[in-house]
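So, here's a batch of structures to check.
What follows is a pair of complexes built around subunit A, which joins subunit B in one and subunit C in the other.
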Partner chain A sequence: MTRSTALVFLALLRQEARLIAQYRWWLPAMQASVVTVPLISLLVWRGAVAHGAEPPVTRDYLTTYLVLVSVVTTLTSSWTAKFLAESIRSGRLDAWLVRPCSTHLAAAANNVAEKVAKLAVLLPLVVVLAIPFHDDLDLPAHPGRWLLFAWALAMGAAMTFSLDVVVGSLAFWWQDVTAVDRFRHLATLFLSGAVVPLAVMPADWGPFLRTQPFGYVVAFPIRTLLEPDAADLRAGVAAQAAWVVLALAAARVVWVRGLRRYHGAGA
Partner chain B sequence: MRVRLSEPVIKAQGLGKTYQFHRQPQGLAGAVRGLFHREATIVQAVRGLDLSVGRGEVVGLLGPNGAGKTTVVKMLCGLLVPTTGSLEVCGERPADRSHTFLSRISVIFGQKAMLWWDVSTRESLKIHRSMYGISRDDFRTTVARLGDLLGITDVLDTPVRHLSLGQRMRCELALALLHRPTLLFADEPTIGLDVQAKVTVRNLLRDINRTFGTTIVLTSHDMNDVEALTDRVVVVKAGQAAFDGNLAALRAHAGIPAEVVLTYRDTPNLPPDVSRKSTKDGPRGIRLRLGDQPVPELVHAAARWGELVDFRIVEAGLDEVMSKVFSEGGERP
Partner chain C sequence: MNGRVVFLVWVKLIRQAVAHDLQFRSQAWLHLLASVGELVVGILPVLVLTGYADYDPAIAQASALTVGTFAVTTGLMDCFVSLGLRRFDLALRRGELDLAIIRPVPTVFYAVLRWIEPTELGKCLTGIAILVVATRVYDLDVQPQAVASMLVWAFVGSVAYCAFWADLAFLAFWVQSIQPINDLAAAWRGSGQYPRRFFPRAFQVILVSFAPAALSGSYPVEQLLEPTATLVFAPIVLIAACSLTAFVWRRGLVRYDGAST
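Entry: the complex of A and B
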């Protein structure tokens, strides 16, 4: 990122922060809903364990995972596809294409600003959620693990954002990309570990779950804090980086090819 | 690459653009058939267009709806990739959308906002300051000057969504002109404005052109805009340049004769052949097409029809001229 791009990004970030500040009740309401799903999962799993169920992971692992999952989901999520597709379909993209600034930079600024605001609201909720289960929380003390966690989060966020650009850019070809976006969200929900930890899925699915990309968006960042095996983590970091590069390349190819088909609807 | 003063700002040769889309069959049965078989249609919106615009010119790109002028403008500002021909704008290929190219142009869309809706104009201007790398001092000076020129100093800090249409258009202009573009595309810049605001916008565009030598490409259906601003008009019809010249040449091209307006003290006593050819202009006036008859002879004859108090020669209005030019043959293929 050049200095001028960084300055534009900061200006857009400030702008987004000002906009978000106008929606005072939307954020707490949204974040309360974000924390609700893992809370229900946590209560269901702990109830099942109390009644004799034997999941393939420890109770500490399960509790820590489900307390962290709302934070990770928030930080690695993206919501650009819908807006990008709409701007392509309606021709509103014109306003960005005639400026010396990428529309994706503006979307990234929106993404980062909104995540910071969401995190500020979410963290107190997570702390409240963690208090009753603090005896079963098992978080590493080594700063290196937290750095790796931050890196994995950034990579997961980059991957989701790139996939969003791919899905949104399909609007250059199709009238409606809602179905693709919905399918992608369902796949992410189920295969990322956002609802059910991948570690408790059937053992036969192991090779598939380790290979598919969605697990590197939510489950892998949490594993960087919970996984004791360094070799496993190194392999995970490499696989995640490979998926990020692939997603970025796909986003670039689809965007550039799509722009050639752009009609700029409307006068 | 810098644009040399002597070089045209816009150079287009054999420019063409083809669109392909699927026809929507009529009715429910057609819609169901369309699920299994779609008919592709190719439309040539622009064909073989040659255009050269020099630095500092104000050119009106005119044409009836669907003639292809918007497609031409979109190719010129890099929004659309031409299908055929060569195009150079500000020394660059617009479709490459290079940072240099985008920093030199500016676009005002009369029907699409460039301003951020939920914040004030000043905040939008600040973002453009970062995008175009404008120094703080330059920014302060330019904003103050544009604020005065456009009469928007008092509303610069009002959220855009609370501005009236006229105020918003003037703020859009301020945003478009902040970085002092070499080339300004003004697409219906006065649409929806009241008479006073239209005059303000026209005067401002004129000032900008004279002061900074900004080249302006104007598309408008308001012939008052065209008359007030343009030195030259290019009429696009069926995707081709049907006329390229100044307004006097366009009037001559249209071949609509001027009219004479005669005003009498009392109701005139017109000969039957004059009465047939004339139209009323107020209670005691008549309007006649100016034919081949020499003007002194006409005045002499008119004085015999009553007590003549006024005599005026009126050129055909630009609306009438454009209507004639637009209707001359050449439908879209």
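Entry: the complex of A and C
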């Protein structure tokens, strides 16, 4: 990244931070909704275990997973597709194409700034959620695990952002991509482990769940903290890196091909 | 206000929504599939969970009926109410409410119920299919009064949850940009598709009172399988939920001073 690009990025970050500060209730309302789904899952799974259900993971695993999942979901999420598609359709993309920096810089700055703000609101909520279940939380003390967790989060975020660019770029060809975005969101929601830990899915689904990409967005980063033996994570780290490279390449190809079709609406 | 006029306007709004979907057929089909997909994604966690609770066959039976009922009620909510509530914050900020106020129909009706998504009814069809299959698989022998009790509670529960959601959405009169509160309402609604017995006692009470997500899913099924005398409370719940929403709406409307003036 050149110095000028870094300066533009910082300026955009400040702009986004000021914008977010204008909508003080927007963030707490949104983060409350983010915590609600894991809270419901946490309560019913613990309730089911208390009633005699026997899932293939321990109650500590379930509790730790479902307390962490809202943080991981927030940090690896992306919401660019809708705005990118809109800018392509309306011709507002022109303004970014003529600038001497990446077209996606504003989206990246929006993503980073919003995540920082969301995290500031989300963490107290997660702490409140964790307090009643603190006896069942099982987090590693080794700093290496947390570094690996941070790395897996960054990879997951990069993959989601790239997939978002792919979906948004479909607007170069299609007038309305909301349904495609909805499908992608659905697949991510279920197959990433954001609603239910992948470890409790039926055993027959195991081979498919291990190879599909969405599990490396949410479930794998949490697994880096919960896996008893770190050596078992090597294959996962490699697979996640491969999916990230593939997603980046797909985003690049779709974007470049789409741009060739683009006719600025304001021209 | 003339009820006939309101009904005629509503019918025309439905026709308009259907005409829109017929015009954009490919998108309508995709949204229909996505709507059913959303339902399936919501249902699968429940089925996975109850799959591990096979020590009690009654749980699997109640779960299948609950997800079916929940699919029908959420399909109706999402077809007729949810979109209007989701758009309410934006309508308020853009001054679109001005246009609703000057119409010869109740403002709350025109502001909230004019946004109709016929494709969401795909959830209802899926839900009915689930209910039919569950009834046959579990060979249910239910009494007519139990079915009536279930239907009444499903209706009352749907109205009560829409009212609860509206109470949250109408906070937009007081708080700027509270649009994500709709995501919170939609997320909380999902708790209604799990058997209520899995929740802690305090949550079981909340789910049928203050935030009545269970009233549109698990509670009507409880009344189908083990009928109780609670049906007498249904009108009270209905009146209380609607009265509270009317109160919030009136208080909010007093604060509204027209964004376009």
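The rule we apply is simple: the second predicted complex is superposed on the first by the 265 of 267 C-alpha atoms of A that agree within 3 Å, B and C clash if a C-alpha of one lies under 4 Å from a C-alpha of the other, contacts with A are read in each partner's own complex, and residues count from 1 in each chain.
Assume contacts are C-beta pairs under 8 Å (C-beta built on N, C-alpha and C of every residue); 3 or more make two chains touch, one makes a residue touch a chain.
It should be emphasised that the depicted structure is a prediction, and the values quoted were computed from it without experimental measurement.
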| item | value |
| --- | --- |
| Touching partner for A:V237 - first (subunit B), second (subunit C), both, neither | neither |
| First, second, both or neither for A:S41, with subunit B first and subunit C second | second |
| Which superposed partner A:A154 touches (first subunit B, second subunit C, both, neither) | neither |
| Partner chain(s) touched by A:G264 [first = subunit B, second = subunit C, both, neither] | first |
| Most subunit A residues touched (candidates subunit B, subunit C) | C |
| First (subunit B), second (subunit C), both or neither touched by A:H51 | second |
| Complex contact set, residues of subunit A against subunit C | 23-26, 29-30, 32-33, 36-37, 40-41, 43-45, 47-48, 51-55, 176, 178-180, 182-183, 186, 189-190, 195-196, 200-202 |
| Complex contact set, residues of subunit A against subunit B | 4, 7-8, 10-12, 15, 18-19, 22, 91-92, 94-95, 97-101, 259-260, 262-264, 266-267 |
| Touch list for subunit B against partner subunit A, complex | 19, 70, 74, 77-81, 97, 99, 102-103, 105-107, 109-114, 116, 118-119, 123, 126-133, 187-188 |
| Contact footprint of subunit A on subunit C as seen in their complex | 24, 27, 30-31, 33-34, 37-38, 41, 44-45, 48-53, 55-56, 175-181, 183-184, 186-188, 190-191, 194, 197-200, 203 |
